[in-house]
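You will see subunit A twice below: alongside subunit B first, and alongside subunit C after that.
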Partner chain A sequence: MSRGKSKKDLDSLKTEDVVQAVVVADNFSDAFVPMTNDVPSCLLPLVNTCLLDHTLEWLSNAGVQEVFLFCSRQVDKVREHVRNSKWTVETSPLLLNIIVSETCLTLGDAMRDLDAKGLIRGDFILVMGDTVANVNLLPILEKHRRLQKSDKGLAMTVVYKYAGPSHAGRAPQDDILVAVDKKTSKILFHQKRNAGSDQRKVHIPMEIIMDRPSVDIYNDFVDTQISICSVSVLPLFSDNFDFQTREDFIKGLLINEEILASSLASYFLSDREYAASVNSWPMYKNVTQNMIHRWTYPLVPDMLMSETEKPYQYLKGNVYKQHPVTLSRSSIIEDGCVIGGGSKVGEGSSIIRSVVGRNCQIGKDVKIEDSFIWDGCIIEDKCSIVKTVVGCNCIVRQEAILSQGCILGQGVQCPAKFRCSQRLQSSPGDEEFEQIGESAYIVKLDNDDSDSDDGGPQQIWNELFPNEKFDDDVDGESDASSELSDVSDRSLSPVLDDTKLFYNEVVDSLKRGFEDKLHCDNLVLEINSSRYAYNVSMGEVNLLVVKAILNLPESDSFLTQLWQMLTYFMPILKNYIKNPSAQVDCLQALKEVAGPESEMLPGVVKFLNILYNQDILSEDVILKWYSDLKTDPESKDICKVAAPFIKWLEEAEEESEDESD
Partner chain B sequence: MKVDDWKGEVHPHFLGFVTAVKQGKCSGSSEITSKTLDLLKQLIADGEFSNAQEMMDTIRAHGRFLHKALPSHASVANMARRVLKIVREEYAAGSKIIKNKAEEVDPQESLHKIVTSVDSGEDYSSHVPDLKSGVIEHISEFEMELETSIDNIAQQAQEHIHSNEIILTLGMSHVVESFLRKAAAHRKFAVIVVTCGPMRKGQELAVSLGKSKINTTVIEERAVWAIMSRVNKVIIGTHTVMANGGLRAISSCHVVALAAKHCSVPVIVLAPLYKLTPQYLCSYDQDAFNSYTAPDGVLDFSDHPTLSQIKRYCPVFDYVPPELITLFISNTGGHAPSYVYRLLSELYHPDDYEM
Partner chain C sequence: MAPWEFQAVVLAAGKGSRMTEITGGRPKCLLPIANMPLVWYPLRMLEREGFLDAILIVADTDKSEVQAELEKCNLTIRLDIVALPPGKDDWGTADSLHFISEKIKTDIVVVSCDLVTDASLSPALELFRKNEAAVTMLFLKSMEVSSAENLPTPGPKTKHKPERDLVGINPDSSRLVLLASVSDFEETLPLSRGLLRKHPHLQLHSRLLDSHIYILRKWVCKFLDHERSLSTLKGELLPYIVRKQSSKPAPIAEDVSVVGGTVKKDIYQFAEESNIVSKVMPKSVYNDHWGDMKDTYQGDKIRCYAHIATSSFGLRVNTLQAYASVTRQVLQIWEKVTGGHPLVRLHQSAIVNSTQVDDSTMVGEASHLAEKTSYRSSSIGSHCTVLSKTRIANCIIMNNVKINERCVLNNCILCDGVEIGTNTELKDCLVGEKHVVASGEKHDQEFLADEDVLMEI
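== the complex of A and B ==
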């Protein structure tokens, strides 16, 4: 009798305990354009296995029993992939359901859709379809449930992984600052830090620290995009239609904690556990390297993942070879490489720290370093491919040189002897394009588009290999010096979305203000409000306002227009450029605008003179700026132009000193 | 038999088994071995075979699949070899019955017969009645042998461990654990356990020995050399015994064996017969021979400034050459390393050495 009862209890426990996970197949961004033009991001290959398979493999290892795969783009491709995978076989440890909603454009939409469909019965695990991890989820789920008992409003446990500020497992745009109540592991503060803003200053509300005995504040953890959600998460998304991303959700919950009666908990992974979301090229590179170096064990290439695939062989120097690979005797493969099955490598070729897909043909004397070559590519003789991603079925003709963050979309044919460090795709886009060969077009990313943050090749290079700088100055340079170089590199570093938007807005305001003769005080108000909207630091504001003014005049009769505008906008400048650090920003803007062939160059002296006479710029700051300029070879021209003014300044100074003597 | 095209050819249970082993859900050589045997038995029971050749082809294909998918688990392929041998024996016995019909079959094969007999083993295509049931029965017997193998080894403990001896062992091995426990029931002796980083399984063993009231000391690998001169015997388990009598054993075994050789301490290896493999170690194959886990036991992921500069390896196994080993103790008794080849020829048919 009692035995029967206990068995019944066990059964009910079991049905309750089905661990459910929601996998979102799309990352809702175009970080991987042009690769994601016709393939959803979760089907991109990472170490020759697509990201979705890595995610599902991990979930099945981690104790998840039922998975809802949420698709919104290119649903057929995801369906077909899943149908051919081991996850739909009878013996599969996972029950996989596909949910389709083609209208979803953000994670928030997806959550609202899930809420409407009412498929989720209890706590669930929310992950992106591009997660690579080896974490066991059950302890985290258990902790979430335990905390739920003491805190009924607990909505989500956010999973963090340690990665120090310059850690290889971390992309610069993922910098976050987290404050956690030590006792209850409740999240009190969670903010993404903009790389553009002042890194050294952090604002934490006092009330967070005031009423608690101990608070931990971290800046050396990254958000793994893994979260354990209570049932209440879905209705919360539905009620707050302005929650678009997970970030919005966390921010909104922390701000309106009382109103929404919900809280967030944190979970910090131990050193032995690995988790990362591949949502950008830097992360793609990092995770690939980590997998090759086996941090993701047991998710490593030589542990057979798919039954249709041949196993990989693991060799010295972290080299993985899949059967059958044909390597010529004089080829060099070393330092962390993966070579897919059916690939051939010709005489004298070297492959270092790279991944080569299946059925690739690599010719003679080819150099491949730090690159990712996907399935079915043909690389002809004497090519050099460095820090490049080559999509599926590309052809790179003889002696082509691809370098520094070049990305070739699927099926691009790169002409012989071609040099490139840009993104190419195989078909012309909707808008303007530049053709450089048969089925090879340069991808033009719309700069006004808020989702894209890519300009010149330099920025893509930075994006793909952000740690390069770190690698270069390993030879004992101190932190202080690298910080300094960061400041001087400001013109090179990628401008972030928000600051770019802010800049555009400032330009619009100023243009309109000048045309309609608006009062400067009103313009200052406008600029300040946009500043708050985009959360731009004061230093950036100073820099961008001056830059905007200097860029405003039309190209013909540039200087005359500039002087008019300058006198008109003088109150604005006086408002912003108040202290020495603002003056430094102002001069930095001047330096950036007055490039070697710009029309600003001849006007530099007059500009400096006007601001000096208006007491906006002080003598000391100008002299300091000039001495910095002299050491910088790139700003030779501006240095030459500014020299007479500096000379005059120095003389004036001497005179005044003489007089005082 | 197309082995390259695995899908469809391989029984889905085998795929599940491979995944389970890779994910660590099924671990420990005795568990993996008995699971494999179970699967092979199931395969034979479920399959339709018109003759022995077909049966052997199926077993061989699956054995090859397992061997390729789990290259570091030699005992898996060994099981396939043993089952093949069983099929051969049953076939020979069955066809002899058909041939001799009324004649009395001599169960003992004399040396003369072995030498003079024409090898009929090349042809397995003729039909033998009750082959399947015979094979399954034989496999069940073999299963029994597997189950008792650890006990059989432990039974010999008293012959090797004497009173007041100091025994050194390393890592965690169930055979060694039961061997020492058995000896402790009658004798009093001390055990030194080497922890074996980075997994430090030795601590587990030490805890369990301590619970059975054995005087146990835990040391690090670096102390092995210093302490070896005081040790009377080294008793270790192993992952695999290679065809030349060498070992594939948990890393740091080689160090211990070298130290023992230097101090002339006997090294005794406890190895159930299923750990004997007809494979040799090729010098160019060192890396395929070993297997590597995540480097987090050696170096923390958070040691970030050094990560990009350092190559990290975390090998699981060591190769110990046969000249460092004094004696193997299997479930059938003690053997010298030079005798392993003879055991192999008894266990497996030479045609099955290459899977």
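== the complex of A and C ==
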């Protein structure tokens, strides 16, 4: 399909031949807060060009002739941007229509609105306004139409891109699993990692396996958010008001395949093609790096995107400099950097693996690593900026240290010598964020809808550079659970449950500790690490540790040994038995060990006495325990044995009360 | 293949419990297919693949019979026929292997006696060698029952419900990741995330045919010796090993001090890599997967592989349906299945007086076919007599059968020693061993046998 068709040419074509695309300007999420407070996500800059321009450039290269740009927030800003862009001039290869619907809060709303407006005439391409890609869409469209012939119900072709399980292009929230019938390209199963309640296992319906000779399950693809839609997609959204996101749509269609009489097809991009939707900070970072390393060719900085832009110079080591930049002699710029036009870099500054926007002033001895500085920022001397995003027109005062996922919203003024690894924005907002300087407020996100089950708030702050340790954790868990199925893990290796294993480990640790006279602190460390390994609750830990100590002595001279050990292990007991509930656990353990005919039985009083004197057990808890014990017929023996001590306790209590009177 | 690299073990002690109607009179491994005993086909396959000798395991009662039959077949492969001792009723496949454990000196190829295939073993052997696999299995595309003539299976109509295997293979590395029976799962198949991270692309097959060709590393046999509770290969040992691939050995030290009992060896202690492999592996740049920084084979000590022979013919003759189907097709694929073994259509000692014997009919030793009889697509065993004015089509007739005058037999299986009276019409029938069908009877889709045999079934 040749570029540069004028509108007249378009009109003369049959309407079905026009390749139409719907670009959704907003990503309907708060992933980029505070950057998206007053700018829609599609206008965020990526390598000094806004995402929407990347998307439109690609669409026009990919054979699309007409684009419907769907805006719902900050419409004026999008309008203005488009008005000043090359897409509205007479020679534009794209016919660009802006559709406005300010009430839309989700993609589903947008689709329903489009359906109501009735603008789309045939199959169309649905992409987000934050897509960076170099895929030719026509073969995908062709395949979609070919499949449509054999499958009348085909609603959508979902475009996937390879990304292995530990691929950088696989953001945690994009972890998906797809099952496909290779013969027909039909999607049979599609699950996002967060969706299922069971994190460790995926449950694949037997039905889809049985219905065909073979099913391919892929855990190494990511959804590019690009889809080829049949005409039926919009009415499907209208008919099903619960379809809020594209994910809902896919899921809904797969579950109600028969009722909705619609199916989904898959398309896997080849290794040479690139596509990604920049919908989160990890993706932002990843796509930026890919672009600097030219995976997105021809969408690279030195390819001129518009006439008004000054050209970039492409230097070795993937460094791009736009004309004119002023770099001081002793500055170091290396290993994949982009410096926008009009920027100045002072003496002794180093910029590594970073993007600097246009007209930035970078002072002396500044260190910038793995960071993104947007247009018009002023970074004063001796700042250190690592793994940070600095929004447009920010000022970072002298010697500030920004690190580890710090994000400064537009216009933030970061005070001098300030250390920060959080998100800041320039206005207090509705929720009265904590102020840390002139135009600098700490943003707090309510993380109801974010993937909090993975790691709570910390996950959000580290989102830009996800913690590597987090990945390891997932792996560790997997090894323990990689037994294929629970069914019939034969008697060959009896499966001990975790608490049992933990208990065995504790016994081992204590035994060895006592024999080799190891320091109790080390033993506590050991016990704690086993505790995490077997995921045992604190209550169980208390119970099992006490139980282990009481069970440790050999049977010949049980009590003498016990007293020795008890003295030796006192620090451990003090470490674990700290609060009333732990004391209850401790006494529970005593009760369990000192059963009828146990050698422990004669030592109960002394045991209680020692712990009482050491302030490990409190009077109240012991008395409460004893009163519970009395009602339990099974623990008659221990009750009898403990009685003198309780009596003594009560008397002592009375005495102390008397005294205080 | 070097002759000492693998030992072949052919398991032929099966009773044919899924086809008792026709295995009453002779062991399953001697059922005739194109007048050759069933067990000849896998043996011929081994011969074709270059094996010089094989261990053949048979039931104790059958040994002499099998030996006598095979002597007639002119096999060049040297056979060591082992009879399982009596006294135990059901010998599992793993039990049989255990019984001959003394004879196992190298890695082994286990073949079942009921396989008729033209698939080559070499891709599977290649996988086995290349990856230092513990187990390699060979799967076949399961055959649709021959549609050429579309004849029903003789005998009463039965609900044919084959057991289906669920096989998960990583197509990039051919690793066998999952092996289970479809009936193990009800609504959903649970797959662990860890497994999918290791094998990000997984193909699940539900309609493959297990060829029952298993290539086992020597240590697997040793493990089998140690772990006597595993009694079958397919049902127990293989799923167990496949499952153990992905788990790590249990920490041993801790358990010992607590339990204090005897140390139970687990499978990982058997799974020692050979000296040379453990030396080469750390130095090699080879990796079987990409996309992460994990070791080759992701550090798995036990590895199972599977090869799918997509374009090959293959059938397991373990049901009546399969038996009927394979006898109909065998002549068309004779060349491929037997590797060019000469086909003896009419035995030289047979007396054929009929002029209407078509090309796809076989006649065995010393059989006598009278004049004015016609034969179409049938196989007739040895020492049979067919009297005149009888028409026979699509039938399998075993040895010592006598068919009297004016009979019409269509799509029937007649077992050893059957006698059919005059003027009888049989269509789609099974006739059990030594049964005498009275004159003038007409039967359709029935199993005809003596009372006591019927009782047993």
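Operating definition for what follows: the second predicted complex is superposed on the first by the 431 of 661 C-alpha atoms of A that agree within 3 Å, B and C clash if a C-alpha of one lies under 4 Å from a C-alpha of the other, contacts with A are read in each partner's own complex, and residues count from 1 in each chain.
We take it that contacts are C-beta pairs under 8 Å (C-beta built on N, C-alpha and C of every residue); 3 or more make two chains touch, one makes a residue touch a chain.
Bear in mind the structure is a predicted one, so any value in this text is a computation, not a measurement.
In the superposition on chain A, contact is made by A:271 with subunit B only, not with subunit C. When the shared chain is aligned, no partner comes close enough to touch A:256: not subunit B, not subunit C.
By the touch criterion defined above, A:560 lies against neither subunit B nor subunit C after alignment on the C-alpha atoms of chain A.
Judged by the touch definition given at the top, the superposed model places A:528 against neither subunit B nor subunit C. Using the contact criterion defined above for the overlaid structures, shared-chain residue A:295 touches subunit B, although it does not reach subunit C. When both complexes are overlaid on chain A, the residue A:313 reaches subunit B alone and has no touch with subunit C. Counting contacts by the rule stated earlier, residues 164, 166-167, 474 of subunit A appear in both its interface with subunit B and its interface with subunit C. The part of subunit A that touches subunit B in the complex is made up of residues 61, 86, 89-91, 134, 162-164, 166-169, 271-272, 274, 293-298, 303-304, 307-308, 311, 313-318, 335, 467, 470-471, 474.
Of all the residues in subunit B, the ones that touch subunit A in their complex are 6-7, 10, 12-13, 15-16, 18, 22-24, 68-69, 71, 286-288, 291-296, 300-302, 304-305, 307-309, 311-312, 314. Residues 164, 166, 171, 178, 180, 182, 184-208, 227, 229, 236, 240, 242-243, 246-248, 250, 254-255, 257-258, 266, 290-293 of subunit C are the ones that touch subunit A when the two sit in their complex.
In the complex of the two chains, the subunit A residues touching subunit C come out as 164-167, 177, 199-206, 209-210, 212-220, 474-475, 477-479, 481-487, 489-493, 504-505, 507-508, 511.
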